[in-house]
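For reference, the structure is listed below as structure tokens.
Should a chain be cited, it is by its letter among A, B, C and D, assigned in written order, with residues numbered from 1 in that chain.
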Amino acid sequence: MTHTPHGLRARNSRAAALLAAATVSLAATGCSVANTTSGDSAGAGNTLRVVLPQEPPTLEPCEASLTATGVVVRSNITEPLLERNPTSGALEPKLATEWTQTQPTLWTFKLRPGVKFSDGSDFTSEDAVAAIERSANNTALACNVQGYVFGDSGKLTLAAPDAATVTVQTEQPDPLLPLRVSFVEMTKSDISTTEKVREPVGTGPYKIESWAAGQKLTLTSWDGYWGSKPRYAKAEYQWREEGTVRAAMVVNGEADLATNLGADDGAGDTGVQYPNNETTALRFSTDQAPLDDIRVRQAIDMSVDRQGIITSLFGGIGQPASQLIGPGVVGYNESLTPTPYDLTAAKALVDQARADGVKVDTPFRIIGRTAQFPKIAESIELIQSALTQIGLTAKIEMLDTSAQIKYQLRPFPEGAGPVALMIMHGNQAGDAAFTVGQYFATDGAQSSSGSPQLDQQIKAAGALTGDARQQAFADVFASENQDIRGFTFLANMGAVLGLAKNVSYTPDAATGDELRLADVKPKS
Amino acid sequence: MTAIGMEVSGLTVELATPRGTVRAVDGVSFTAYRGRTLALLGESGCGKSMTAQAVAGLLEPIASVTAGSVQVDGEDLLKVSRKRRRQLAGPALSIVFQDALTALNPVLKVGTQLAEPYRIHQRMPARQARAKAIELMRHVGIPEPESRVDAYPHQFSGGMRQRLLIAMAVALSPKVLIADEPTTALDVTVQAQILALLARLRAEHDMAVVLITHDLAVVAEEADTVAVMYSGRIVETGPVDEVFEDPRHPYTRGLLDSVPVDAERGSDLSSIPGAPPDLFSIPPGCPYQARCPLVRDVCQTERPPLETRAGRTVACHVAEGTAR
Amino acid sequence: MTLLENPPEASAPDRPVKANWFRLLLADPAAFVSALILLLVAFVAVFGKRLAGDSAVTGDLSLSRLAPFSLDHGWQYVLGGDLLGRSLLGRLMVATQTTMSVVVPVVLISLVIGASVGMWAGYHRGWRETVAMRIADVVYSFPSLLMAVVVLYIFSPSIASIIAILAITRIPVYLRTARAESAELQTRLFVDAARTFGTPSGAIIRRHIFPIVLPTLLTVATVDFCYVMLAESSLSFLGIGVQPPDVSWGLMVAQGRDQLRTQWWLSVLPGLAIVITTVSANLLASWVRIATDPGQRWRLTTPRRRRRAARPTVLETT
Amino acid sequence: MLTFLRRRTLTSLPPLLAVVLGVFVLARLTGDPAALYLPENATAQAREQFSAAHGFDQPIWSQLIDYLAQVTRLDFGTSLRTGEPAAVMALRAFPATLQLAVVTMLLACAVATAVGCWAALRPNGLGDRISSLMSMTAASVPDFWLAILGIWVFSIMLGVLPTSGVDAGGLSWVLPIAVLMLRPAGVLTQVVRGAMIAALGSPYVKVARSKGAGERRVVVRHALKNAAPPALTVAGDLAVGLINGAVVVESIFGWPGIGKLMIDSILQRDFAVLQAAVAITAISIFVLNIGIDLGYALLDSRVRQKVGAAA
């Protein structure tokens, strides 16, 4: 395979291109381009070219918890007061230098001095208050961050005692408040509170230079950024749906960095594997036969060949999962191990249930979201085929996001029947509270199982801090596996990042949600 | 006055069909004189149209000339190069087809089509060729040619279309004009006009006309010489008066007998009992034997040659001395 | 106008017709091979599931992505294994059935409905024609793939709904063809004659118009055959085609596209199946067109050498 | 002529309206987008709020009336996904697809005419057989498959073409057009071939030959013009079908066109954008159909007469 990176920069207008394409001189043009490009990628000079799976629908900072938006906005265009280190899990200062719980329900944030927005105005506590107000309390705007992080936090009362201080009053004592605030990107106080803003002004190292919708988004670094100047003067984002195409762009020298590749996308030696936040699992509706019997659910759990799926389908990327979060998230239970693959035992369990009068022959559906992760259809197919062998009847149904999400969120469709839903959960926040409340609590928005005892456990754990919190959530995961088995965990997923030879970057668990351009450096 | 226009000799055309090769035209010879009309007469399927197409070089790929020659002006049309053949198409020999509606290109103006011979052969500029086209239209009797030169074929009546087709054929004053059933598709009155036009043009351009028809009346009125074809062969030929007055071949006689005395123009040749032989199973000997009232043993074994005896040219074993 | 005023072969009706057809087929090697391929496809479509056996259904992950053209793992794996370690040959055979059970009904349904409505509309003209054509316009002016996507999101993608939506989007093709021909035919003398005898319009359409329109419709159907297979494949690309555990050629091509560079056989072989089948159908169709047309039939029998020598011209004259 | 255009436009209006209405209703049957646009743990109340804000809680017919009232003011609504006006998004994407489609169809027609004519000169000859086989194969290759293969071969192995995108000048056009034109070129070649065989066999071609016309003149002046109408019909249908191909090609090559916009809008239940995109597509298809009718008239005087008669 030859690598012929060429800096195919656009000079011709579209009309000229049209002409060129339609004429015979085409071949000649092709040769000259191929020949004039040298090994040194012309674009690299001072521009970082990133290719994403999809175009950001908007760059509205309060939507930054949406992957497609956040990956561009977060820490590039706008910045939060503090941010979580995806590796250690610790919160680190960003636009706030320190934060303290001055009272059980009152948090005080000290702002970094000398920070400016890219339009030259100063960043003050007034801006911070407006931004938090907009993301946390403004339900009319229906920001994704509002629902994702502040949905259960109650109303916040904000104040700016002086230009460098912000206080946040919560209704209940909230140990997670700093973590929640780390999701709020800082915007100017005059930002609209009634409409979303497609192109925000932020304090980040880059500002938006141009956005040719559908084609390309260009960010440029600006003088006056409070931190150290990023190594690339410009960043160009493009988007391609097919992983193979994204990989090809890096291999071919048309992009420096490609996110969300699969093992089979052909990144070759430009591919860098990394674990992402996501965990995949089958979630059972536990109220209908045959899934209402825990032995059946356990049997299903045993008939999933996790290692086989990871090796054969995921190309060796990912780890067999024992719980809904990965290591590194507060509450991860080290002692849980993935259920071993054992069809004989599974069949025995099913037979046992059948003997006890459980209607194990009742068909149920395995529902998956098309292209949610690479090889999802094949994975489900493999599981379904194993279930047939242990005497269960499962039908596969692949749905698009909009249709699948109806089964994922309460209230579930009426008359849905027994369903095993393939889910993929990513805990961006780094704390199990954002997982268990959603999925394990009987009233969780995405829960179809649970028990009163488990609810108790979850509630108690949420109020704790430190090691006790870690232990309590770890126990929650153990109890779920032991007593409920509302899930069959598949894998802690991983992904591949395509990285050009002359670029240096170390992906971490948050890379898919937040790609910090400042961390990307040219290789010397 | 009676210079030879075209001399066809031993023309043989074979067809490759699903069931083998058949001879559709078998050793046909005739001579067309300038200023005269030669009629090729026969039932449909007898090979007369095929003969015309072979002579004009317009055979379909299924058919091919396997023997014979077509001499026009000292050149054998069957031997010359394709390029030369094209150069001769028009000035030396041209053809008028039966169905003028399909023979005129529906999407081109008639003026364009009429001008084409001049454009091709004389490389005449468009304007000049157009003037020639108008002149041609007037020549063949189309009223108001200036305004109709830009019309399309479907805007003309059947008779006018046939005139246009003839005009196109005589544009370059060919030495030989083949008219393949030129009036079959027309009303009787229009037929007469077209035949009159042909006769006039023949005289004006001193053309040898080969008229292909199945219409005895047309032959009687228009032709000087007739060649009667049966099953791919000429069975009798001679001046029209002689042949029609005193047919020597039983087939010719059968044809003439089948026409009521007061027959109208256009009556068909269909009242001889029986049908022509299947081309695949032409019996040895005389092809007419199955329908011939005078059939003898020799007819079943020996093919009668086309021979001239006593001033009459007939292909029949029994014809000799059967004068009426 | 027929230049061979009596086509020689037409005058011998006593020859056995069937033998003649078979000879005509033999005379065109390409068509003959095509016919054999289509027979094989039909055979596999009917018996494939049984022949393929277990290896097409239950995978063996240790044989995942097995390379083709080796008999080490039995004949089933001669074309390699898929991601789940199932025999690709077996999968192709099973897929033949699904593919055909989508494509054939789609073509038949749209053919029957489109042709009936089209002939009816063309025969009666007037408002019936206008209404039918405007409805066809509506269906036709919305890109069929997008229509299929919208509809399949409403009714979840099952084989039945895929057949239904693809059939609907293809109806206008037949409707337009049938209408045009029938509108032309209804002015002809023999239809007039039938009408004056008081033959009901349904019978006229059936007896006089249908047989004449049929060859054209069949030609359109062959082309459509290919179109439907590709449309189904495009739907699979978008994730709303045939759903696992069912499998079609289109789905296999779509699912295998990621492996094009590493395990090419996963998508190339089913792709070849589509190409070979449609090319065969087209070749056979063009043979049928020639063989049923007396003016062209000679092409199949004239020796090749002669044909090349012949002047490039003129053929059908009707 | 003007009368013809006016009448044609009038008769085209009801189908156009039906398309827009059909899409409106069908799209809404695919479900309420609230769940897609709100965070996963949004409350039922938040969802109701969202539905009410965008009118999804109303019965379809009342939504439809509101929408039509809006459209008469040339307001096609706002995208749920991007917050931009739907019409702006559709109009921005449309030219990219139009350019792609026009170039593709022109090239496909050129290739089909050349190959089809050439093949028709010697029907069933070796050249005809090869070109038939190739055109049939071309028409039956899945486009997405070819696109990925093309990227692999021409971009990665040979390194002569960019993988995707629009900013490499003329070279960006090569792969998308090659992939997109394969099917139309294949189908059209077959149609041109068939029509040319028929035309070359007709008596007027014999007449032309009898006038001494050379091969070139016979093919170009006499046969081709007669063979054009059926090819034109099929070309029109294929042009409509290009939108299907555009969905796939635009997705793979990152071409910012309307096919991708439509499919994304369906996936995201971004109804306003879908409707705007469908409306502009449907209008362009009707314009195309009228253009084809005019093309007939241009080619064939018999049709021209009818068109003229309508005036």
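By our rule, a residue touches a chain if its C-beta (ideal position, glycine included) is under 8 Å from a C-beta of that chain, and two chains touch if they have at least 3 such contacts.
This one's a predicted model, so the numbers in the text were calculated from it and none came from an experiment.
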item	value
Leading chain pair when contacts are tallied as C-beta pairs	A-D
Chain ID, smallest distance between chain and overall C-alpha centroids	D
Approximate Å spacing (C-alpha centroids) for the pair subunit C, subunit D	23
Centre-to-centre distance between subunit D and subunit A (centres being mean Cα positions), rounded to whole Å	37
Rounded Å distance between subunit B and subunit C, as computed from the means of their C-alpha atoms	47
Averaged-CA centre spacing for the pair subunit C and subunit A, given as whole angstrom	45
Residues within subunit D bordering two or more other chains	30-31, 148, 152, 202-203, 206, 209
Subunit C: positions in contact with at least two other chains	1, 153, 257, 260-261, 307, 312-315
Residue numbers of subunit B (touch at least two other chains)	57-58, 99, 102
Sites on subunit A touched by subunit D in the complex	1-4, 6, 8-12, 14, 16-22, 26, 29-31, 33-34, 57-58, 60, 65, 139-140, 142, 144, 146-148, 151-152, 195-196, 198, 212-216, 238-242, 244-245, 248-249, 251-252, 254, 266, 400-403, 405-406, 408-409, 411, 438, 444-446
Partner subunit C, residues of subunit A touching it in the complex	243-244, 262, 264-266, 305, 308, 311-313, 370-371, 374-375, 377-378, 380-382, 384-385, 389, 396-400, 402-403
Touching residues (chain side subunit C, partner subunit D) in the complex	1, 30, 134, 137-138, 140-146, 149-151, 153-154, 173, 223, 226, 229-231, 233-234, 237-238, 250, 253-254, 257, 260-261, 267, 271, 274-275, 278-279, 282-283, 286, 299, 307-308, 312-317
Touching residues (chain side subunit D, partner subunit C) in the complex	11-12, 14-16, 18-19, 22-23, 26-27, 29-31, 121-125, 129, 132-133, 136-137, 139-145, 148-149, 152, 183, 187, 190, 197-198, 200-203, 205-206, 209, 215, 237, 240-241, 243-244, 247-248, 259, 262-263, 266, 278, 281-282, 285-286, 289
Subunit D-touching residues of subunit B, taken from the complex the two chains share	56-58, 86-90, 94-95, 97, 99, 102-109, 116-117, 120-121, 152, 154-155, 165, 168-169
